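Got some structures for you, see below.
In what comes next, chain A is part of two complexes: it sits with chain B in the first one and with chain C in the second one.
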Partner chain A sequence: MDPSLTEVLQFDEHQLRTRLAFFRIGEEELDRLAAMRPLMEEATAQIVSLFYEHLLSQPETRDFLDDPVLVDRLQAKQTAYFLQLFEGRVDLAYVENRFRVGAAHERLGVPPRWYIGAFDRYLGLVRERLIGRGVAGAELVADLAAVERIMHFDAALAIDAYVAGHLATHARNQAALRELASPVIRVHDRVLLLPLVGTIDSFRAQQVMESALLGVSEEQARVLILDIAGVAVVDTQVADHLLKTTAALRLLGAKTILTGISPQVARTIVELGVDLKTLHTRNKLSDGLELALSLVGREITDKERGS
Partner chain B sequence: MTVLVSERLTIAVEGDVPVVRRRARELAQAAHFDAFASAAITTAASELSRNALVHGGGGYAVVEHVSDGLREGLRLVFVDEGPGILDIDRALRGGYSTGRSLGLGLSGSRRLVDEFHVETSLGKGTRVEVVKWARFRR
Partner chain C sequence: MTPTIPILRVRGHLLVSVQGELGDDVVEQFQNDVLSAIERDRGRDGGLLVDISGLEVVDTYVARVLADTAAMARLMGRHTVVCGMRPEVAATLVQMGYMLDGVETALDVDDGLDRLGLPR
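Moving on to the complex of A and B:
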């Protein structure tokens, strides 16, 4: 079972109270909603079917609802959802339910604007019922206000779930991208290549160091080529990480070759006063590769014809 | 000195450092910096914004494209309200770090730019202002 969304979103009793106060939902509103329940129970079937009629008549939403089995299932859920509005009780279980509805819509890829639009249709249908009931004046106004408030309260929870869903997706993508960004490539027996690209923040630097160490240990590598051609700025922090990675690799018995240093980066490193003497450095990756092979006792030679 | 573009950027989290750096690089391009000068000012931006963040507890940067009538340049100001630099002479000499770092950011930045001013006051904060000019007038 997934952790509850109220936990994930840190929605507790205190939050619930402040949120209800913000939407001006108190005892009176809840009592009014509960009192409407018999009327709404009677009307649910019709309201839900009119609601779906609306969704199916709109090109935007129709495409999502092309499966009749799905529509049947959704209608059943919708009925339960709708009647819960008139429970006269809003507790954390209620909030959890609303979060789940929002999250389910987010996963289906239903954009929030449809959600809001559909809500408005609901509100309209309920309003018609209440007006048709024959109670007018202040009573009617107060009942309508109670319905509007609980529905807006619901919409806010759904939006919370949407935002949380998006953030979670974003975090997952970021993590995937980061993994992708430190690939250790085996270029030859006991020679590894780790190309660095983009911004090396402290998190990335950590990761680079770890992939380098794991790679070297797994492959029993003797040489690791760190190519920094794709790193825009080599400042003291990046330089410090390069030095630390080199020192750690040395403990595993591997040498580090730094390649891809542009003329601008070379000049900047010297001005900064950073000493990279402990590293073998080469301008081009191909030169670094040649050096790496010679360090493991191999060399690249021209193929001699006819021998 | 005429200010052509001036922007204030917040330095509050690690992710703000590359933002300042990127903006400095863009303005260096606008000011016709050559590749070496651009790398120099971008690196200084990186060092000084990280110092404001790490040692100064965060603050802001003002990034400006300026001109003195003859040349175009960049003026960068980094301001924080942190503890101030304890031993400014040692910090400027280089190789001195209160963290576990190389201790080359401040002294190195000074060498990377044309004008460099630090104002620091213990318990009040630090303000570092640097200017770098494009080398060739276009």
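Moving on to the complex of A and C:
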């Protein structure tokens, strides 16, 4: 089973008390909410259906609700959710439930703006009910305040779940990217290849250097081919990073061959005045491979010639 | 007493393995010892191989002395190779702008002896 979101988000009793205090939800507000429950039970069916009417009337939210079976199920859930607002009790189980609602919306890809917008519709429907009840003055104002506070408290929890969901996705992507960012491939005995694709920023350049150095050290490689055919932009910074990587590899005792230099990149490098003279460079990876093999005392020959 | 770094004479070549942490005084002593060993060895044309695989940390001062020593040994006619630098040391030196230009490097002692032309 998944760990509870209250655990993941480190939401404990202390957090709960702090947050309730911040939203100014105390005994009085909870009592008021509980007192409204009979009225709301009566009105639930209508409020939930008006709420869905609103969602279905807007193109932005309608797209998420194109399945009638799903809508039926959601309406049932919504009823339970709605009535829970008027339990008059907010504990960690309540918080967990709200987190789950937010996380479910995040997974479905409902952006927070529609979530908050839908919330406002809910609030409006409840407000109409309370006003229509015939109690006016300070009592009405206090009841309305209690409803607003609990709903905003709920929305804040949903947003927490949204953010946590996004951060988790982001962390997963970052990890995947790190693995893809600098793969070191052993192409021959003591010859490594590091193909670079995409954009190189300083963070990635650092990784490239680390993987290159570790690869060379682990494989006891003599030569590393750095193929930059897939690098979109080579500016002074990228050139500088490449030079540093080469220099560090040299300190280890390995040679670097830079391949995949397009005419455009060659022009940039010369125009920038970057000194790449000390580097072995080749236009094509295949040429770089031949050079690498010759550096380790091998060569590619035709089968015909050998026989 | 300052600990000294042993300098081995292997088939006409000088072999130094630098281990552990290097204090400033040890490095200076090391430079003096290497240079006098070369002087004593006058007439021979063997190389000098400095293995630094035992160095976990190389600060800028140590890096400079190593580079200087290599340059001095070269001036005295010795083919000099530094070998076995650790990846993290190389990364740090380069980040600090110490490229050790002009110092010949090798992966390990084996590779270094190859560079000095010692037959396997």
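Structure notes:
Operating definition for what follows: the second predicted complex is superposed on the first by the 187 of 307 C-alpha atoms of A that agree within 3 Å, B and C clash if a C-alpha of one lies under 4 Å from a C-alpha of the other, contacts with A are read in each partner's own complex, and residues count from 1 in each chain.
Please note the rule applied: contacts are C-beta pairs under 8 Å (C-beta built on N, C-alpha and C of every residue); 3 or more make two chains touch, one makes a residue touch a chain.
All values derive from a computational prediction rather than experimental measurement.
Using the contact criterion defined above for the overlaid structures, shared-chain residue A:T199 touches chain B, although it does not reach chain C. Look at A:S49: by the touch rule set out above, it reaches neither chain B nor chain C. Once chain A of one complex is fitted onto chain A of the other, the partner contacts of A:S294 are absent, as it touches neither chain B nor chain C.
Once chain A of one complex is fitted onto chain A of the other, the partner contacts of A:N173 are absent, as it touches neither chain B nor chain C.
By the document's definition of touching, of the two partners only chain C reaches A:A254; chain B does not.
By the touch criterion stated above, A:T18 is placed in contact with neither chain B nor chain C. On the chain C side of its complex with chain A, the touching residues are 83-91, 93-95, 99-100, 105-108, 111-112.
Against chain B, in their complex, chain A makes its touches with residues 199, 201-202, 232-237, 239-240, 243, 262-265, 267-268, 271-274. The touching residues of chain B, when paired with chain A in their complex, are 14-15, 17-18, 21, 25, 35-36, 38-40, 42-43, 46-47, 50, 94-95, 101-102, 104-105, 107-109, 111-112. By the touch criterion stated above, chain A contacts chain C in their complex at residues 209-210, 213-214, 216-217, 220-222, 244-245, 247-254.
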